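Next come two complexes, and both contain subunit A; in the first it sits with subunit B, in the second with subunit C.
On to the complex of A and B.
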């Protein structure tokens, strides 16, 4: 028995008593369950398990704290309308927003933040972390931290561009199909079915090995692969809108197809499309990372999270967590975006108009 | 008899709050209500009066975003506001039942009707499944549903709306509740179907001595159903009295105004000169959806400055006729002439000017206005599109139009449709049609989704506009009170054919085609004995079935 373990249990039991005293059912159940689980885990795993529980709880509490204060911050600085929306936002959403903003700052100001260039060799290979290199060096002796910062820029920029292109094509075609109907709808619909019937990763590998791995080809190929998904969504959303009386009124007025799409249908389809944008961005992001891991994505020496995982994969057998850092960066971004998307879906479903 | 007259439900000083923008706003301000066993209480008022909210509160239930904030609800000696949710749930369904406005939306489409009937009795262990099924069939028979032995084994989409509403009433009776709450059970039905459902509800409530709260905005309906009537306005009680007193001598101004709504009549116009070219003329039009023929040999004329009302039940083809005129559904044969000129069959082939001349006003203002556009954009677009108006000219025109529909321009210019009331939305719909500067407007059930007072305002507005701008209206409706108010000529349709047409005065004086008579006599009147008398006159139990036999 040492002070840590005594303190650990004392705190848990004390907290359960406080929760019970204030009749906070949920908090009490959570804390007391944790206490009971800790008894079992402590007996089996010893002190180290209790340490990791403490660290995990600390991390969650810190994230919640960041999310809470960031939300308050946004409520203060945003104009009235935005502040009102933020006030009802769940903590997960403000946490997601916070992470995404940090990533965006890292991507935009990469050369300022990163101490070294992305292709600059500054140390020995697999050098351990020190004052100069915060996260150590990779297999060629390049600074890991700098490469992660640059990776945010490369991987995220590429995914954003790709998703935007996929959206532009998918939305225009999908809404055209919904508004026009008839043979155009049938033709586009079946074409999309054909493209979607091919597994996306294999299709991407195929196209990239035909056309080469230049950056613009990579962008176009992935955009092409994801266009059908956007097409299907926007067609379905627009399909529900084009049967409304105000569309009929606009048609009877003699409005052209372009006006119908941009002025009548699109404003009403925005909420689900934007939510889907976030989700689609994650998929594209993961596909880019996956392709890079396979060696067909972003080419070296450009820093990119997917290829960084692959390059440092050997280290995992030595018990080093270095390859997990870019993987964690990918995971954190994906989770954060999903938090935001969930919130937006909730908002769009709960809107009164 | 002492037991019969005992108080079943007593609501005292009920306050209900609704959540708006994170604030609680009171929507029901202290309403008292007493209901004895076997008594039927009619709750009437405009939308937003709190009728449904009070109806639900009688079950101890508040909708999402609402809460009961004060007062007491005592049901048979039990205080509902302090009863735990689990006990309330047992109470609802077994001792208090609820019949919703739209049976079609309230039945689960993937279960058979009778399975939904037996669910509650089986769950509360009141009856075994087989017993309950027999009971259902017995009730279906009493409610005079066709084929009572077999109808329950169909799915909800396989029976008609009126039958479904009766099946739902049967379902409400399945546990023999002490109290049933009817929330506008016939509002969505045609007049001829409405009678069947009204008669059925009245019989069943009588037979089982059930107490009922009957919520409706239709005064003539409530006059048939209720023993006492309570009038509500914006969450406050206006007055309460037994039905006859209430109808004969309403005390409050508001009640009087409700009673007076039906008295609006447009000024009688001189009959149109037959030699004058009509604005719109349908000539022997046939139309079909795919292979199914929906219109057969439709011909009628609409003269400038006149209103032609097209009347019929749902499915009679009145809206389809309008779709033919607008060109959304090209006729299979026959022509549509506009001021003597044959119009292209499809709207796609018509010129901008032809499109401009004929405008449409829709039933549901909610779906007819783009929710993401501001009022100025909605009204301004046709003016900009047809008249090429821009900037200050356009703004002036929009202001003019808003003035025309009696809305203050500065107040409404920047709003979104969601920020408007139902009547205001419908006015915007009218302004959008007027913005094109048309000579002919199709009004598709424009008042049927509105409260009577608001609907009357819309009718007056349309009448004024007609006189000012010499517009021709085609007025599609199933409500004969509206026809009486605004029409110059009437066209009666049934199964895609015109049964009869002629000037309004002639149409409202018998004798007529049997169908027209049936339709006219089915419109509820403000006389509490009307339903009883009518049923006796027709000499039948089931008016709907009789009507169908009559035609075939």
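On to the complex of A and C.
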């Protein structure tokens, strides 16, 4: 029994007593459950489990703090309309915004931020962190920190491009199907059903094994696999729009299909499509990361988060967390985007009623 | 009742057609190789004679539709041809590995299904409470994380820092079930964490959707206790969405299993697929893709059929 464990339980029990005194039932339940769980876990796993819980709690508290201050910051600097929206934003959403902005900055200014190049060998392999290399070196002696920064640019850039292509194709085809109708609609619908009935990772593996793993092929293959999902969405959204009277009016005016799609349907379908873009980006991002992890995505020496995890995975068996950092970077980005999308969906649903 | 069978039969027929088209896509994809299979395998430096001999050996001199029919006939009877890498029958390599993958998926499903349905119903009942919010953030995090991240975190905490379970799940023939369960605990737990998150969110959404219906409000208004509202009014109608959720997520397990198998070096079909993609061993790739795709399609089919069969409106038509 050392001071840490005594302090740990004293904190938890004290906090639950305070919560109970102020009649905050839910906070009390949360803290007291944590205390009970810690008893059990501490008995099984010993002190290290309690340390992990403490670190996790500290991280959550820190991110909540960041989210809170960032929201206040945005409320102050944004013009009136934006500030009004931000004031109602949940902490998760402002945390998501904060993370995404940091990532975008890292991606855009990668060469300025990273101390070394992404393929530059600067130390011995698996060198421990020192004041030159913040996170140590990878299996070939390249600086991990620089590679993570460049990875933001490569992985995010590739996913963004892929999602954009999938969106372009999916939206054009979906709206074309909705506006034209008839056999084209039927045909595309059935085609999409078939493509979607093959799991995306499996289909990607099949196509990549055939066409090779060059970068442009990777982009085209993944864009092709995700086009059906965008098609479904845009077809459904546009399907609700084309029955409106103003579309009928435009048709009677004699407008062409292209005008109908870009001028009449698209502006009204924007909101759900934009919200969905975030989600689709997450899926594409995860698929790219997964493929790179399997060694079939972005090829070395280009830095990429998925392949970095794979290359340094052996370090995990020595209790090092370095290989987990790129994986955590992937998770953090997708979680943040999901938080933002959740909020956007809530906003658009809330405005309706 | 007759209507239901009609709908189910139609759905099954549609599923069969989808399977056929998917098999054509998988076969046809390899036909789209630059040059042809023999050239792709032998590479640029091969002499025309060796390429010609290889073509003969693989039967590439016959037209594609004939070869497709042969391949399909073989696939239906469990014969997937011979591997290019080691000249052994593909079925021989895939058989035991497919059994291992099914074992892992079943292990994960047995834990995940009851857990996530229970948690999902609880989250729906106590929605907007602390429990629901914590569950929301936790499941969102788990869904957004790549499977290998979850897997490696478990390895770090449960195998390296606290050596409770083995980090590599190699299996051998003479293991008892208990040993197998212990060996595969970490990959199964990884899958459970990812799938539970999905399933729980979907169950929660389905139940909340249901609890908003007027007949639930009616039951509440006439003073039925809360648990009885759930068991007698909500659950009979909730089966359809819940069965749908379960089947969809089991289908999702099929894809998740590939990454997890690679993380834990588990001797399953996903690992085999990845290895053969790297080695460009096309017969194995085709066979594994076909197996994955058919499992996926069949599970989706089961989801639809389950939803049709449990729909009270279809079972008791007016």
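In the analysis below, the second predicted complex is superposed on the first by the 335 of 353 C-alpha atoms of A that agree within 3 Å, B and C clash if a C-alpha of one lies under 4 Å from a C-alpha of the other, contacts with A are read in each partner's own complex, and residues count from 1 in each chain.
We take it that a residue touches a chain if its C-beta (ideal position, glycine included) is under 8 Å from a C-beta of that chain, and two chains touch if they have at least 3 such contacts.
Predicted, not measured: the structure shown is a model, and the values here were computed from it.
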Partner chain in contact with A:324 - subunit B first, subunit C second, else both or neither: second
Which of subunit B and subunit C A:197 touches, first, second, both or neither: second
Touched partner set for A:144, first subunit B, second subunit C, both or neither: neither
Subunit B or subunit C, by number of subunit A residues touched: C
Contacts of A:267 with subunit B and subunit C, given as first, second, both or neither: first
Partner chain(s) touched by A:245 [first = subunit B, second = subunit C, both, neither]: first
Touched partner set for A:253, first subunit B, second subunit C, both or neither: first
Set intersection of subunit A contacts, subunit C complex versus subunit B complex: none
Contacting residues of subunit C [partner subunit A, same complex]: 18, 21-22, 25-26, 29-30, 32-33, 129-131, 134, 137, 140-141, 143-149, 152-153, 155-157, 160-162, 167, 251, 254-255, 258-259, 262-263, 273-274, 276-278, 280, 282, 285-286, 288-289, 292-293, 296-297, 300
Touching residues (chain side subunit A, partner subunit C) in the complex: 26-27, 29-30, 45-46, 48-49, 52, 92, 193-194, 197-203, 205-211, 282, 286, 289-290, 293-296, 306, 309, 313, 316-319, 321, 323-324, 327-328, 330-331, 334-335, 337-339, 342
Subunit B-touching residues of subunit A, taken from the complex the two chains share: 84, 87-88, 244-246, 248-249, 251-255, 263-264, 267-268, 270, 352-353
Contact set on subunit B toward subunit A in their complex: 21-22, 326-328, 347, 350, 352, 355, 359-360, 362, 364, 367-373, 381-382, 385-386, 416-418, 432, 436
